[in-house]
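The following pair of complexes shares a single chain, chain A, combined with chain B in the former and chain C in the latter.
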Partner chain A sequence: MALDIKPTRSELINLKRRIKQTKNGYKLLKMKRDGLFHEFRTLLGEMIEAKRDLTDAYVLAKARIDLANAIEGGLKVRSAAIANSATPEVEVERRNIMGVVVPSVSGTNLKQAFGDRQIGFTGSSPYIDEAAESFGDLIEKIVKASEMEATLKRLLAEIESTKRRVNALEFKVIPELEEAQVFIQLRLEEMEREETFRLKRFKNK
Partner chain B sequence: MALIGNNTGYVAARAKSRKSSLLDRTRLRQLIQQSPEQLPVSIGDNGYRAEIDLYAGRYTGADLVEAALTHNLQSELASILKLCSGSVRDLVEVYTGRFRYHNAKVVLRAVVNDVEIDKVRHSILPEESEINAPWLKMIEESSTIRDAAEQMRRLPFGKDLLSLSSDAKLVDYENALDRHYFKNSLRVLSSGSPEVRMLRESIQMEIDHRNITNILEGQAFGLSPSEISDALIQGGRIVSERSFTQASSSRSGLMDVLRQSNRFDSETFSQVLQDSDNSRTLDPVITWLRTREHDMMKRMSYLHPISALPVIHYVASKVEEVDDLRLIVRGRMAGLPTEVIEAHVL
Partner chain C sequence: MDIAVVGSPEFTLGFQLAGISSIYNPEDEERLHSVLRELLNTKGVGIVVIDSTVLSTLPERLSMRLSESVSPTVLGIGTEEDTTLRETIRKAIGVDLWK
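Up next, the complex of A and B:
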């Protein structure tokens, strides 16, 4: 027995209260773990879908930029790139999922509408325009996937720590407290028996 | 404008001779089969050694080959223009002059977005080429787009740029440049001789192709018919100015306009459009239109052998060779499938 306890009635009462509180905490943590796990599984499905979209978008953007570089030339592609002064910006805020603080990522200038681009349409190259469009899509998907990935990592870390707490309560804290309770009960009973026996001996004298 | 005059015969003969030394299809196919590491060496051995050596200290891989090819092309165009005199020079300049429009756009873009001159010097207009020096100087000496337009006042398109309002944006300047090229070309090619008429037709075909591409691209990106119509270039034969509204209204409107012309194979074009829709890119359309332009250019040079046409055909062939080599190198180094590269090497 790891606990250093005194076999007294008040200690027994305290211990019973602690066991009750611990069991309540255990139940709540277990519910939190299950809730987080449910949230994690829901997000995981979306994340797999988002990653698949991201991979497809990357493959398409890569193929298009390679074709644009090959057909129009790297010099022209770089020249079109310097015409765009709008730099994509990402803003990270916080939101709460069952007590877990996760990032909420939003961005500005991630993708420019075709009509808002600063290069002339009359002499533009469809290869470069298609590549720019694909990269706009890709950046949007990267931002979405990064938010989901960070959320999943935080949730996973929280699930792990909650699971450790639940296991610690289930397999260590509660059994030890119950063991201590049994020990005190037995010790008190024994002390009671000793007292009875002593009284009987005293009476016989 | 008479095509035969001054040194037309001499330049045509020189152009034909130079054309014979260009890489043929077989050699290009051999290059496609080579590994990416072998390509710079092979291209160097095919007449680009001096330029590759010039840029080897700064660039590697596909960037090195592209810089070398561009430098070689600029020198070759300047050299062929130097050979020409009199009226033939004006005609050849229609084709050789188009490359300065791209440099002008680079200057405007760099000035508007305050791009560091070193970035332009190292990655877009290499300083090793003398032709780029005045353009780089313009970037250095301009702080606003208006300043840059002022710097270009002596160039053929200078007046058009300066006539734009003071609050005009980069888009307006770029559109003005593109419009000026075609307007100026049609003006130079306005005489009635059969050779000049052919050249004029080829420019008109180019305008039509650009308009068709712009209409399809604008529709694909969801632009309104009026936005598309504003971006179209005047002077085409198939998509003429009066059919701009109909052609830019919808896909079927464009097809109706194209069907009215007996110069355009609208049936094959419909199939190409189908391929384009299936692959969700305009690549099949552009490739088909480029093949049309190439065929027209080829036909022109055979019809009038002693005129500016063989010279222009040589210029077009040289540009095509450079484009093809760049495509092969960039394509191979990026890992594009051989079939894709072959499909684009005309």
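Up next, the complex of A and C:
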């Protein structure tokens, strides 16, 4: 690759400056990668816990709704479900972790109190209420887990691209620049030797 | 933004009981795929909840798209754990850190 470089002194100076700059950038990127990775490891622990919680909450909610179905009958549960019109909403905001924009999800109206469910005393039963409540819990956990999942995905994508950049600098860009530098230095020395030799020949004549 | 739930009527019933109104009950596989594709391109949906057993039967291309999507975030829940995130981590970092 190095052969299409002009072996001049100014080129050598430019090259030296570029190598210094590149090495600086490499160091910074490496730090960014390590920082991201650190952040990722911390979040991953929380995520694993959140996922486990989620599965537990789901199992509980499922058991309760199965019970409600068995005792009250599917039709009654379904009609209670249709009657409920208080919709949970999620709000997505942006947060910044080391230059990575990650969503921060907050929910409103995720879990409703008994009175807000608009099912009424007569249309409901403790089993249905319990099921609705545990599904409310489940939705809260879902919101939390989904925020973390989205954050981790963004972080992962950033880690991957930073890693690729660091590796490209370390194994491709910097070695090539250094190779070019060595080439120019050798070529300049060679030209100098040629020059002295030429002068000697001149003197001898 | 909304939370959407996709799955069999038994799966979605509880979420409906908790007040979620974006409920999708696709009857067959083809409908399921088109519903998921549609949800991926819908702006007002923040979270898509799907049964993890259904998630594991999807064709690879679609499940890749689902697991890469951030808005909406697709979350598989169920009694068996959802391994899509674990897969993504393994691919990005090269080591399985999920322990």
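The definition used in the following text is that the second predicted complex is superposed on the first by the 192 of 205 C-alpha atoms of A that agree within 3 Å, B and C clash if a C-alpha of one lies under 4 Å from a C-alpha of the other, contacts with A are read in each partner's own complex, and residues count from 1 in each chain.
Note that in this section a residue touches a chain if its C-beta (ideal position, glycine included) is under 8 Å from a C-beta of that chain, and two chains touch if they have at least 3 such contacts.
Model, not experiment: these values are computed from the prediction.
Peer 1: After the superposition on A, what does A:Ala150 contact: first (chain B), second (chain C), both or neither?
Peer 2: A:Ala150 contacts chain C only, not chain B.
Peer 1: A:Ala131 in the overlay: touching chain B, chain C, both, or neither? Say first, second, both or neither.
Peer 2: In the superposition, A:Ala131 touches chain C alone.
Peer 1: Determine, for the superposed model, which of the two partners chain B and chain C contacts more residues of chain A.
Peer 2: It is C that touches the greater number of chain A residues.
Peer 1: Of the two partner chains, chain B (first) and chain C (second), which one does A:Tyr58 touch, if any: first, second, both, or neither?
Peer 2: second
Peer 1: Looking at A:Ile82 after the superposition, I want to know if it touches chain B, chain C, both of them or none. Which is it: first, second, both, neither?
Peer 2: Both: A:Ile82 reaches chain B and chain C.
Peer 1: Output check: A:Glu192 vs chain B and chain C. Expected answer is one of first, second, both, neither. What do you get?
Peer 2: Neither chain B nor chain C is touched by A:Glu192.
Peer 1: So in the superposed three-chain picture, is A:Asp34 touching just chain B, just chain C, both, or none of them (first/second/both/neither)?
Peer 2: In the superposed model, A:Asp34 contacts neither chain B nor chain C.
Peer 1: For A:Gly73, decide between first (touching chain B), second (touching chain C), both and neither.
Peer 2: first
Peer 1: Using the superposition on A, tell me which residues of chain A are in contact with chain B and, in the other complex, with chain C.
Peer 2: The overlap between the chain B and chain C interfaces on chain A comprises residues 78, 82, 84-85, 117.
Peer 1: Note which residues of chain C are touching chain A in the complex, please.
Peer 2: 1-3, 13-21, 46-47, 49, 67-68, 70-71, 73, 75, 77-79, 81-82, 85, 88-89, 92-93, 97-99
Peer 1: Could you list, by residue number, the parts of chain A that touch chain B in their complex?
Peer 2: 63-64, 66-67, 69-71, 73-76, 78-79, 82-85, 114-115, 117-124, 126-127, 129-130, 133
Peer 1: For a test of understanding, state which residues of chain A touch chain C in their complex under the given definition.
Peer 2: Touch list, chain A to chain C: 41, 44, 47-48, 51, 54-55, 58-59, 61-62, 65, 77-78, 80-82, 84-92, 103, 105, 109, 111-112, 117, 128, 131-132, 135-136, 138-139, 142-143, 145-147, 149-150, 152-154, 156-157, 159-160.
Peer 1: Residue numbers of chain B touching chain A in their complex, please.
Peer 2: These residues of chain B touch chain A: 62-63, 66-67, 70, 101-102, 105-106, 109-110, 112-113, 115, 119-120, 123-125, 169-175, 177-179, 210, 213-214, 217-218, 221-223, 227, 231-233, 281-283, 286, 323, 326-327, 330-331, 334-336, 340-341, 344.
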